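Next come two complexes built around subunit A: one with subunit B, the other with subunit C.
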Partner chain A sequence: MATVTAPATRVSLPGFLKHRAAAKLALLALAAAILVPLADAQWASGSWPAALTVDLTQPLGRVSDWIIDNRDSHPLFLYGFGYVSNAVVLSVRAVYLVLLAAGWAGVTAVAALVAWRVAGVRLGLGAAAAFLTCGLLGMWIPTMQTLALMVVAVLVSVAVGAVLGLAAGLSDRMDRVLRPVLDTMQVLPAFAYLLPVVLVFGIGVPAAVLATVVYAAPPMARLTALGLRGADKEVLEAVESLGATSRQRLLTARIPLARKELLLGLNQTIMMALSMAVIASVIGAGGLGDRVYQALASVDVGAALAAGIPIVLLAVVLDRVTGAAGEGDSGGGHTGLSRRAGWAYALAAAVAVALVGRFAGRLDWPGSWTLNIAEPVNRAVDWMTDHLYSGVPVIGGTADWAGHFTTWVLDPLRDGLQALPWWSVLLIVAALAWVIGTWRTALTAVLAMAAIGVLGVWKPSLDTLSQVLAAVAVTLVLGFATGIAAARNDRVERLLRPVLDVFQTMPQFVYLIPVVALFGVGRAPAVAAAVVYALPAVVRITTQGLRQVDPAALESARSLGASSGQQIRQVQLPLARPALLLALNQGVVLVLAVVIIGGLVGGGALGYDVVFGLAQGDLATGLVAGAAIVCLGLMLDRVTQPTERRAKKGA
Partner chain B sequence: MRIRTTATVAGASALLLLTGCGAADMTKQASPFANAQGAKSLTLSVQSWVGAQANVAVAQYLLEHKLGYRVDTVQVDEVPAWDALSQGRVDAILEDWGHPDQEQRYVKDKKTITPGGGLGVTGHIGWFVPTYFAKQHPDVTNWKNLNKYAAQLRTAESGGKGQLMDGSPSYVTNDKALVKNLNLDFQVVFAGSEAAQITQMRQFAKEKKPFLTYWYAPQWLFKKVPMTEVKLPAYKEGCDADPAKVACAYPHTPLQKYLNAGFAKNGGKAAAFLKKFRWTTEDQNEVSLMIADQKLTPEDAAKKWVDGHASTWKAWLS
Partner chain C sequence: MSTDLSTGTSTPASVETRPPVFSVDGLWKVFGPKAETVPADPELTSLPPAELRSRTGCTAAVRDVSFDVRKGEVFVVMGLSGSGKSTLVRCLTRLIEPTAGTIAIEGEDVRAMDKTRLRELRRHRAAMVFQHFGLLPHRTVVDNVAYGLEIQGVGKSERRDRAQEVVEKVGLEGMEHRRPSELSGGQRQRVGLARALAVDPEVLLFDEPFSALDPLIRRDMQEEVVRLHQEEGRTMVFITHDLSEALKLGDRIALMRDGEVVQLGTPEEIVGSPADDYVREFVRDVPREQVMTVRRAMRPGECVGPDHPGAIAADAVVADAIQVVSRSHRPACVVEDGRCLGVVDHERLLDVVAGTELRKEAV
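So, the complex of A and B:
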């Protein structure tokens, strides 16, 4: 999903930097020497002092009760949110009915032909195969439900994103206001968006669609603004000199010039919408995500996989088709006329297939054509739990590994973090953020961390943090090692690329399925899922960063007789420092997103509080945990944010 | 120009008329996926535990095959299910374990939900240890002696304390308060879901390891892993009124059915059928065991039960 472009390598001067870092640390130490004794004398306590917390649970609980009691009577709901909710329900229903009326044959034909026209024959066939597989797995109806929800969510996201992007692209003031907000929205875990909408709309499709829109609109807005701002100055001047009005300039020059960014924005919006539409099953989105959720609740790995495969197929097809559209017109030699004729033929063929399906009375996917993969998969999983789970000689079973990881890594880390005095945690955050970034990022990070304490969820947040740190450490070790291998060896990179492509397009939810099968339930599987999810981005950024290292520097090191290990350690890694920092930043953000979802498989801590809030209808607990997740995400992003804001971060 | 204005005004007022004089009540909106092909249909809430799946499977089978309905099921957690039932996004809950707050709000105050009578099954929540463990150490079955066994019941997740295993966050539980108020040296560990909890219990049982768990009856797992209840301070009416101060056992609850008020009035045969639906603990366990242990699909399990118990369900249809 997240296609990340590393910024151009900037050769930094390590000596100079170290000097600055030392100065910053000295200043911080001075401030700490004055403030810490004061704070410690005032509120001597290991974890966050109770005197500094604000209990939001009760007021929030009252708000939640008030909303439930007044949802069917208060004008705010009858004349405000009611319409929003109504419009969502009606439009999702309309799309759903159209999809059902087209029948499975019609939908498959339309998908295949659109993919063919946009991206070529191979993708056309791929799309058809993907949809047929969805039917074959017995998931046709859930797939259509997810698709209906997504179509509505994507349309709204694109509209909202385009409007915001236009505003930010045309007005500098809007840009200054919107950019930090959009940047921040992109680093927050999807789970944090669920509760506020549930509070207002209750569990159901309207809440799910709105959460999806909020999650998926920012990339569209960012990339629209980027495209409009990046337009070639000379072209614009030429257009202006021809006497075009500003509106004409926008429509005939700036928007067409931004085409590439707009399509990239569409691609990212679609991918994020799919990811969220699946997670939103927790708040009643229905469809494929709901099947995964139900199956996870009963640890039925086979059923979860049957619903997970269509999600992955949908993601890959959507990503490739919209990606191909963004790559520009392939049509060398195609004239406008023949292109249009091609579309007309495609349309006619699709309609014909849909009609045939209709008259053949085959609208529903025929029940006898389904393949039950749940049973064989479950048998395989049972075999795995019997034989690989524990007691394998010498290496131990996967459950043993999970147990050891929990006792030897996660527990000490969590207990250590929770045992640290609260002010020292703040100090560490400040020091790290300031050394890596600027005083601004350090200030935001410290304030975010302090807000967690004020919310009164210091302990669970540190628990989540310990899981994030463990997962990030594992991710970085694996990711850097793989990245170095891929950067030094073309064959490895060629082998890795398709794997990374697929892994990056998969929604976060899907990763929970295999880890439950392998590691059972608890914090270890949550960490494992997070590692798998974040790894592709880290590998990719590392490889790109290492490959962009100036070949001349490498050549001169080689001529001085450096061994390959020395080359990596002393030339490539230092020169690729910005890329590695970016990889760290991305890794942290992605890991947090999945560790939170790990609450569904026994990860505990903040993610569990959100799930608990939803499950018990105790929205206050959930909202407080959601706010803490936001703060944690903000803190982690700022701490790892390199000095220069990433110029072009994808998603 | 005037024509355009008139058209706009007409359009706007038509829109207003269509949406019912300007008020849009979001609580009366069903799911966009319901009733998609114009069938007589209803939606049942199915909770995550297998007993509830058994109720719904049998009700669904009879509604579909004997009464010609199309039944959708949705998985909603217990408390949100009340909200969904009140809004009509769900038509019936077949097994409720007692939610006094919700009952007060929706049945008594808002009158959007009506009781649908008893399910015929009595539920009981408690703390259990495996019988093989209880036989070796008979005194473990009283809460006063639990601290003696805390060291034996330690796991990776419970840290230095003994582990009291809880299942899904959505279930009715006072365990955290109980551990605190009874001064037990135990840590409540949530498995995250009932299935995860069952997986763990079976792993323990396979190796004959001791464990202490939150569990409930009726439950099919007792047939696979025999368990003995740990005695907690006796339940008295109202001793669980303040969730933070609970220090007594869980009550015995006759499980209840609830219907959406509108559906109860206008639901025709389906509503009448669901009100009469009433079976025994043995019946429910029979179906549950088929689903959970023999891995039959709920539909097949329901069919098997229906084929063998005609006299029971014929009474629900009359």
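So, the complex of A and C:
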């Protein structure tokens, strides 16, 4: 049977699609033929016509000035945001003081014992090792600062996300309202969230915490709603048939049944919070991220690495422990009592260690125990700069590559995009989005692109776009090739899996450190960081998609004597098309996020505008750039959004 | 509109005269836009399903169904998938809201009940066993069984004691602290059964409870249900798509097709006198000698001798009579309350097995 169906779909699908795509394109061409001459006659210009821009800088500047002037006097700030701000500062401070009071021994013991109880001995030891490494690198205080900020941000995010998720999970109307908002928030680069909070709260810890909450709460809300909605219908019916009230149904069935999704939501929220807490160093978060940010600003790779390693360790430990909590079925041989006893022992042990540390007078990490890795690393980087940057025989140097990539790929792409008449850019966007998705996604994409023009940041946006396109192209070539290899060969997949696991948990910010070491600063390093960041997700989705292809279809192709190449081209790739499109979509979203952050290492364009706006206190420029980032993110997401994505992108 | 053919001769007279527990009359469940207009419109109600759908966009899952479930009987609703039987059983406790008709439990109108009253009904009077068990995966066996009591607000120690009792009754001793995921399918359904029994309901509702189980385990569970029914005499409404299960368990069977009850009667009536070709086709392969009773096979009135050789009870199945007759090589008497009702011989018994006795009577 499958022999018949598989080739049949393969043959009919492209033909059918081509037909529809051709119809869409023809319709679009007709619209263009009417509209373009009109538009061109009216506003003939290569770049976005000045007549169609609205200058928001001045009004935004006035708003920002007004807020700065009135922050200490206006009742809105005194009694509204002021309280929020104070509460945030106080709670972060309180958590920080608790962490300091527990001392390094206490914190390490608590982390290790919690990890042990939740996820087993290996992770317990891992957690202890991770925290001790943070201390060893001389980063104990910044680690605690980041941790304090994260604890507060995660608690608030989980509370907000759970409430929103409950609303969306229980009410269909709330779900219809919230879902598109949450979906969109998920695809926007972290940088876009920074400026609005800074506008209201100014640079500092409150702004950092709130930006983190805004960034980290959506996954919790989405997964809570997903979990509540995905509950086994028959179980709910059984509960109802026993006469449960709706409150009983929620507390005894729906929430426990959603346990897995809730814990996955917690995991994602924690990871997003860490990622953002590090990025938020740009708006005064302090801690590890700030160390990286300062070091990168002076291209001090050694110092950046010393702060970057604790971030990575923190990310891996947090991810593994919360992930294990979600996977553990918590049943098995454990009865309730022995588990409780285990926790009691763990708690007692942690308190004991903390007290010992306290009475031994060793609350602070001892200064003599630190290992200065900055200098050796910097020596190594210097050596690399001298020997690997350029003039390596045959292959050239890394800086040469970066230079060539910039002159041969990035520059022509950027100049080409900027030289295109503005209406043709809109047309291309419309055509791509419509062919891949629906007329709705196409309309959103075109409107978003036009909004960029109206905001008056057409040129820098196209610059960013050119970097995104280049990075996406490289990511897809590498990602699809690796994905196909991993899907066809178990050994390759086994080798790749731990690497991908680690890479996917690392915050975006950390990726900037190695690329600066290798390529210096500029647009090419930003692109490289984006590629490295987006690659794991693309590889993973591709591999999964190819592996989930109906084995019967593949087997029947093999039984007909198809060669490996024929199997890939004629069965696997066509059947995995939805997964490949999803990989493209995810790749684009992830690449954009890092290309924007690349503004910190000389990526220029929109990211730089944001950083510049923050650094110079010119919030208007930053806000306009932030809005353009939102539009660009929306446009790229919608252009690559296949129609069936909604159902697929659960987690 | 009642299609009540339940003058079954094999049902003990005491059950027949008992008051009905559930009394369903003219029940409709229509899915689709403006569903409530369909049962009220005689023009629409006479349409076949496909035409109704194309005319109104509605599907009638249950069409004008009437029956009584009497106290202490096992009432089986049987039909193929999509015949509306699962919808029907859900309408009984309004897990699915009926579109039209009346449902009464012991004379009380179920459709008129308010939320609280309905909850009382679900908590105390009717409990359901589900096809895929519907257990809570995060609770142990005993906590699952006690769940219904917990919902009712019964104290912890009392509900544990009662749950423990029921767990033993369904043969799950020693598994009290396992999770559903650690049980086999048959064991899970025992938990589902125990959960329903724990609240001591007047009626047990079964929605295809054993269709997801392996054949051998299914037989065990069917015997379990027979045993429970014999021990406790609890009223049961049992939904199934399996004819042999229906014949084995049912005191009376309602056979459904496209939302309608095509025939309602004892197993013997369904097999012995099918109401139409659909039912006839359905019961074609049933081993008739296992279902038909001697009462139906006998030639009335003739007694072979005053000592009543053979002396078979009137409600014994034909298979038993065949053994007696073929061993003795002569006709046997059919005896009820010490009175001889008639005789069965080779010819009559063979007619029943061959399914030709009706035709002969017609001639």
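Following the convention adopted for this analysis, the second predicted complex is superposed on the first by the 630 of 651 C-alpha atoms of A that agree within 3 Å, B and C clash if a C-alpha of one lies under 4 Å from a C-alpha of the other, contacts with A are read in each partner's own complex, and residues count from 1 in each chain.
Everything below uses one rule, namely that contacts are C-beta pairs under 8 Å (C-beta built on N, C-alpha and C of every residue); 3 or more make two chains touch, one makes a residue touch a chain.
What you are looking at is a predicted structure, and each value in this text was computed from that prediction instead of being measured.
J.: Thinking of the overlay built on chain A, is A:E240 touched by subunit B (first), by subunit C (second), by both, or by neither?
T.: second
J.: Which partner chains sit in contact with A:I597 here, subunit B, subunit C, both or neither? Use first/second/both/neither.
T.: Touch partners of A:I597: none, neither subunit B nor subunit C.
J.: Go through the superposed model and pick first if A:L257 touches only subunit B, second if only subunit C, both, or neither.
T.: second
J.: Who does A:G202 touch here: subunit B (first), subunit C (second), both, or neither?
T.: In the superposition, A:G202 touches subunit B alone.
J.: Could you say whether A:G617 touches subunit B, subunit C, both of them, or neither, answering first, second, both or neither?
T.: Touch partner of A:G617: subunit B, not subunit C.
J.: Classify the contacts of A:Q248 with the two partner chains as first (subunit B alone), second (subunit C alone), both, or neither.
T.: Second partner only.
J.: What is the contact status of A:M449 with respect to subunit B (first) and subunit C (second): first, second, both, or neither?
T.: In the superposition, A:M449 contacts neither subunit B nor subunit C.
J.: Of the two partner chains, subunit B (first) and subunit C (second), which one does A:D232 touch, if any: first, second, both, or neither?
T.: second
J.: Show me the residue ranges of subunit A that touch subunit C in the complex, using the header's touch definition.
T.: 232, 234-235, 237-245, 248, 252-253, 256-257, 259, 329, 331, 335
J.: Along subunit C, where are the residues that touch subunit A in the complex?
T.: The contact residues of subunit C facing subunit A are 93, 95, 118-124, 127-128, 130-138, 147-148, 150-152, 177, 179, 181-182, 192, 195, 199, 205.
J.: Where on subunit B does subunit A make contact in their complex?
T.: Residues 19, 22-33, 36-37, 48, 74-80, 82-84, 87, 89, 105, 110, 156-157, 159, 168-170, 190-196, 199-200, 203, 295.
J.: Residues of subunit A touching subunit B in their complex?
T.: 68-69, 71-72, 77-79, 81-83, 85-86, 89-90, 92-93, 96-97, 100, 145, 148, 201-206, 284, 286, 290, 293-294, 296-300, 375, 378, 389, 403, 406-407, 411, 415, 516, 520-523, 599-604, 608, 611-612, 614-618
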